[in-house]
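What follows is a pair of complexes built around chain A, which joins chain B in one and chain C in the other.
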Partner chain A sequence: MTAAVSAKRLTKHYGKSKAVDDVSFEIESGRIVGLIGANGSGKTTTLKAILGLIPAEGDLKVLGLDPRAQRDALMQDVSFIADVAILPRWIKVRDLIKFMEGVHPKFDRIKAESYIANTKIHAHMKVKELSKGMVVQLHLALIMAVNAKLLILDEPTLGLDILYRKQFYRSLLEDYFDANKTIIITTHQIEEIEHVVSDLIFINGGRIVLQETMDTMATRFVEVDVSAEHLAAAKALQPIDQRNVLGKTIFLYDGVAKETLASIGQIRIPALSDIFVASLKGAVL
Partner chain B sequence: MKTILWLVRRELWEHKVELIWAPIATAMMFAGFALLWAVSMVGGNSNARLTIDDVEINPAGALTAQGLELITGAFATGMLFMVFVIAGLAGFVVANYCANALFDERKDRSILFWKSLPVSDRETVLSKVGVAIIIAPLIAVICIVVGVGLVALIGILGFRGTEHSAAIGHAATTAFVVVATKLLAAFPIQLIWMIPSVGWFLLVSSIARSTPLLWGIGGPIGLLLVKEAVVYIFQIDLESFYFLSTTRWLGGTLPGSWYLIDAAAAENSQGVGYFMQLWSFINGGRFWIGTGFGFAMIIAATRIRQRGVEV
Partner chain C sequence: MSTDWNDSEPIYRQLKARVVTMLLEGLIAPGGQLPSVRQIAADFQLNPITVSRAYQELVDDGLIEMRRGMGMFVTEGAPQKLLANERERFMQLEWPRTLERMGQLGIDPEQLLSRIKKGGKK
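Then we have the complex of A and B:
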């Protein structure tokens, strides 16, 4: 399988601080990757480097191309939302669609219009007449109508209500995604992509702290409800995080056999957000 | 090429008020004045008098040689005034357009959307240059020619049926043909003349973090003051190093602003001399060196847009 994105020793300085610090990773094509990090963790910088929007040190290949030197060729096959609410405010929805159809060989006008038909957006409206959420809906409709090999979404659902969010992720999986496409998504709402992504990358302080497929995540991380009598045994197994809920202590383990853990309490699959919080504390290696 | 045409269309959508409607409205305003005048002059009112330079001309009476000359002159002057106003307006509009062309997209962050499309920085900047040096002036020229033509037509129709209709018709047609020919002859030269100014304002637009128009105007003036100070203090001649005159640098988008530098040329702009002067004008090294600076600034603006989006 070929890599959609391959980064070796990627580094980006802003003055003296490093937004991205010597990061290496590969994203295979046909995957949906969640890039998770706190504010200022370097995820947006990483995405901008992948998109050739900013220069960065290191070796970066996207769809086999150098995103800086070959950006024009790359944009034929890459589509992205770098931020919400960045559509030009003066343009009419109708003109925006016409323009996309005119300049983008892989834009499907019918598709875009069918997505827009599900919203309250009208073709004669100007972007500045739309509400925040509607601008996001319009942007998503345009981007989803582009048949790109790599789709990058940075916080795509910011400002959307829960109904449309779910609808968006459903159509992303059902209509948009296929084995020839690769999607990278960042979001603060980890729970909403939990069942969407196939791979996860946690990034913190400009470094990757975890990279796993969702399949291995489920075997690697286990959460155990431990009652008081097993506390000592639980701690001996070196949990990566713990928290107290209703008199019970919940321990989070990384790479401890399920059979062992089952003997000290009730085991279950932890929420991604709990693993992420643990990773922020520096516990996940 | 198809992409460039769409980009130009996009620019016209965004700036249709100042690039399209402003010159049309101005030309129509002049035509409207001419029409009002014609109606009040002739509209069945036999007592109406036209006064030019204190000489009274009676449309219903006989026309003296002096009267005819005055009317011919009035047509020529009026049409020249129209050219000044519409072309001058277009010049200011283009300078302002360029100063904001690469600034606005950074300010409202829509550059992140434009850059998500398969459109190169070169195509984007080129489309803006094309709008500034070809499309906007072309729209202005069409508006001027149509407006001036309408004024001539209204003059001819206004005097129709009077004794002087033939003479007036000739005067109006001549004035129209002269204005239109001069305008069209100067058009390609104006196009090249404005390249440094367009390049400069685009360059400022790609760099400035605020008020690009102000920086764009302030820069050349500041440098001019420095130059004058150096010349005054050190008593040296910098003229031969100053390839790009401040007039062209700053005012290049104003049509025919070369007359501001070359007053003799302006005086010598009657008849065939006008065309000779245009030719001698582009036949000089300074003209082309300045144009080269213009291209360099356009390329620099493209590179800066390419370099990165820190928004």
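Then we have the complex of A and C:
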């Protein structure tokens, strides 16, 4: 299987500061990858490099192409929604669809219209008449109607209500995604993509701090509810994080056998957001 | 559909358990078709790989089968296999625990058995 994205020693400087610092990763096609990082961690810079929007050092291949030198060819098979997506305010929805149909050979008008039919957006409306959430809905409808091999979503559900968020992930999985497609998604709402993604990349300070499939995440990280009498034993096992909840201490472990941990307390699968927080503290290697 | 997963087991296991429950309750008869991976992924907002994995285990257990180009179907022998699996599980896991508990409580298996037999004749 060929890699949808392959980055080797990717580095991007803005002046003296490094936004992305010697990052290497590979994303196979058919995966849904969550790229998770705090503000200013280098997520968007990485995405921009993948899209060929900025030059970067290192070796980068996207769908087998060089995103800078072969950008036109690459854009046939990539679609993208930015976290700061803007649509012209004066344009009518109907004209926007016509425009997309004209410029993108893989745009499916029927699909776009069926997504839009699920919203309160009408074809005769102008972008400036739409609410913030509706603009995002419209944008997503246009992007998902492009039959691209690689879909890049930067904070796609920002500003959307819970109902439409769910609907969005639903149509992403039901109508858009299949084994020949690859999705890279960044979000701050880790909970909402927790079960949707197949792979995770945590990025912090321009470096990758964790890169795992969800399968290995489940075996690597374990959370244990420890009562007072086992505290010393729990600490001896070198937890990567701990927090107190209702008189119990919850320890998070990386790479400690489940059998061992079961002897000191109730074991659980930790929430991704807790692992992410631990990684921000520099505990995950 | 509710999407409450607990955090004690991987999701694919929980999904598998749900399908097993459906089969035990006879909601899908032998020969009946299961929802597609895509459908379940969308309904539960799960990665399709997770869903495929649950289905794969059910295939390995001989409870469902893939018919090329058509989808997943409950096998003819599924109810019997399921019963056999659950019996095995009872003997391997639940019965030893019950025995241990009976030991703690000082309940004599013979006594219990004769009481059940008497009760059964009523």
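The rule we apply is simple: the second predicted complex is superposed on the first by the 283 of 285 C-alpha atoms of A that agree within 3 Å, B and C clash if a C-alpha of one lies under 4 Å from a C-alpha of the other, contacts with A are read in each partner's own complex, and residues count from 1 in each chain.
Basically, a residue touches a chain if its C-beta (ideal position, glycine included) is under 8 Å from a C-beta of that chain, and two chains touch if they have at least 3 such contacts.
Since we're looking at a predicted model, the values are computed, not measured.
J.: Could you check whether chain B and chain C clash or fit when both are placed on chain A?
T.: When both complexes are placed onto chain A, chain B and chain C end up side by side without any clash.
J.: A:V103 in the overlay: touching chain B, chain C, both, or neither? Say first, second, both or neither.
T.: After superposing on A, A:V103 lies in contact with chain B but is clear of chain C.
J.: Determine, under the contact definition given at the top, whether A:V196 touches first (chain B), second (chain C), both, or neither.
T.: second
J.: Quick one: classify A:F177 as touching chain B (first), chain C (second), both or neither.
T.: It touches chain C, and chain B stays clear.
J.: For the overlaid complexes, name the partner, chain B or chain C, with more touching residues on chain A.
T.: Tallying touched residues of chain A, the top partner is B.
J.: Scan A:E57 for contacts with chain B and chain C and give back first, second, both or neither.
T.: neither
J.: Is A:I32 touching anything from chain B or chain C once the two structures are fitted on A? First, second, both or neither.
T.: second
J.: Between chain B (first) and chain C (second), which, if any, makes contact with A:K166: first, second, both or neither?
T.: Touch status of A:K166: second partner only.
J.: Please state, to the nearest 10 degrees, the angle that the Cα centres of chain B and chain C subtend at the Cα centre of chain A after superposition.
T.: 140
J.: So, A:D72: does it touch chain B (first), chain C (second), both, or neither?
T.: first
J.: Could you say whether A:I269 touches chain B, chain C, both of them, or neither, answering first, second, both or neither?
T.: The answer is second: A:I269 touches chain C but not chain B.
J.: Which partner chains sit in contact with A:W90 here, chain B, chain C, both or neither? Use first/second/both/neither.
T.: first
J.: In the overlaid three-chain picture, find the nearest pair of C-alpha atoms across chain B and chain C and give that distance in Å.
T.: 26
J.: By the touch definition above, which chain A residues appear in both interfaces, chain B in one complex and chain C in the other?
T.: In the superposed arrangement, which is not itself an observed complex, chain A uses no residue for both chain B and chain C.
J.: Contact residues on chain B for chain A in the complex?
T.: 2-3, 5-7, 9-10, 13-14, 105, 108-110, 112-120, 307-310
J.: Quick check: in the complex, which residue numbers of chain A touch chain B?
T.: It comes out as residues 48, 51, 53-55, 71-72, 75-76, 79-83, 85-92, 95, 99-100, 102-105, 139, 143.
J.: For the complex, give me every residue of chain A touching chain C.
T.: Interface residues on the chain A side: 32, 166, 169-171, 173-174, 177-179, 195-198, 214, 218, 223, 267-271.
J.: Taking the touch rule as given, give the residues of chain C at its contact with chain A in the complex, in rising order.
T.: Residues 5, 7-11, 38-39, 41-50 of chain C touch chain A in their complex.
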